[in-house]
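Here the chain labels run A, B, C, D, E and F in written order, and each chain numbers its own residues starting at 1.
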Amino acid sequence: VQELINKATEKCFAKCVPKPGTSLTSSDEACLARCLDRYMEAFTVVSRTYTARIS
Amino acid sequence: VQELINKATEKCFAKCVPKPGTSLTSSDEACLARCLDRYMEAFTVVSRTYTARIS
Amino acid sequence: VQELINKATEKCFAKCVPKPGTSLTSSDEACLARCLDRYMEAFTVVSRTYTARIS
Amino acid sequence: QAHARVNDSIRNLTGMCWDKCITSTPGSRFARGEESCLSNCVERFLDTSIYIVTQVQRQQQQLLQAQGDS
Amino acid sequence: QAHARVNDSIRNLTGMCWDKCITSTPGSRFARGEESCLSNCVERFLDTSIYIVTQVQRQQQQLLQAQGDS
Amino acid sequence: QAHARVNDSIRNLTGMCWDKCITSTPGSRFARGEESCLSNCVERFLDTSIYIVTQVQRQQQQLLQAQGDS
């Protein structure tokens, strides 16, 4: 789980904070929250598809 | 060898299947076959050059 | 330190030698020397900021 | 250990298919086509993996046969 | 060991923030804005890291509460 | 072990030089210039590696000398 969160942090930082400024704005945070939700959903879709396929 | 094949799979999937659809078309497969051959050839060129240089 | 130098080599090769020719020109070497200095400086800035933040 | 390998694969596939399929700014749900792209990405990657391994095996077979003939 | 982990983080952050901030050809000093971009990159990445962990914990809390209620 | 390190280097160089040199869709042979780009890529990377190590050593030398002078 830790590694999944690290990966989500890296991907969402790349997407939501392209030009790091002097603070994290509230719109950066809103983007990060949505991005985290989507990343976890993507993980679920990938797990489901992969498991269905190899079993 | 396993790791080389994994790398070839990753690189050729990126090149030949940019937009994954509902199946692998025959033109995707033709691209993958050529890509695999080129990747192995690239590995040979790199090995030969590297070995000649460090020996 | 070895890993830092490897990373600098990789990043500076990408930046200064985009199209590898039959030899390393003197302008490639000048670029590499400046790039190495900047990479080490970047490492210092990142270390300083990180350490100040987590201590 | 097999379990750990499956988990690794799923984590790697998530990262790779995320980069391939999620190109818009993250919204409160997936954009049109993103979710099907993710599952197609996994399926096609597994197809690719099988196809490549089959090709490698076929070539090794041909090489062995050619050696046997000579 | 904690020391090795900190060193790893600093090395990784250097690589990531280098790619994000150093876009010009390397000169005899940093170009305008590159040095502040590097330190902002580290600070904002740590902010992001904390924000994401907090979000995950909040969601787990809500999940546990919802299970307790039912 | 040295053998494994050489194999790792060759695999990494193959991936890196592939990305740098093979930009067209794969054909039934390399496109014009791709094969020479691959071998130049390996040679120039090794040159770069040697050049960077030499620079680092020279700077360490200067640092030690400066310390000796003071």
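By definition in this document, a contact is a pair of C-beta atoms (placed from the backbone, for glycine too) under 8 Å apart; a residue touches a chain by one contact, two chains touch by 3 or more.
Everything quoted here is computed from the prediction, not taken from an experiment.
Q: For C-F, find its twin among A-E, A-D or B-F: the pair where over half of the contact pairs carry the same residue numbers.
A: The same interface as C-F is formed by A-E.
Q: Looking only at C-beta pairs that count as contacts, which pair of chains has more of them, A-E or B-F?
A: B-F
Q: Can you compute the centre-to-centre distance for subunit A and subunit C, using the mean CA position of each chain? Integer Å is fine.
A: 29
Q: Between subunit C and subunit E, what distance separates the C-alpha centroids? Give it in angstrom.
A: Here the centre of subunit E sits 21 Å away from the centre of subunit C.
Q: When you check subunit E against every other chain, which residues touch at least two of them?
A: 43, in rising order.
Q: Hey, what residues on subunit B touch two or more of the other chains?
A: Expected reply: 12, 16.
Q: Can you give me the ring order of the chains, beginning with subunit A and going next to subunit D?
A: A, D, B, F, C, E
Q: So in the complex, which bits of subunit B are touching subunit F?
A: The touching residues are 3-4, 7, 11-12, 15-16, 31, 34-35, 37-39, 41-43, 45-50, 53-54.
Q: In their complex, what parts of subunit E are in touch with subunit C?
A: Touching subunit C: residues 6, 9-11, 13-15, 17-19, 21-22, 25-28, 30, 35, 38-39, 42-43, 46 of subunit E.
Q: Within their complex, state which residues of subunit C touch subunit F.
A: Result: residues 5, 8-10, 12-13, 16-24, 28-29, 32-33, 36 of subunit C touch subunit F.
Q: Applying the document's contact rule, which stretches of subunit F touch subunit C when the two form their complex?
A: 16, 20, 37, 40-41, 43-45, 47-49, 51-53, 55-56
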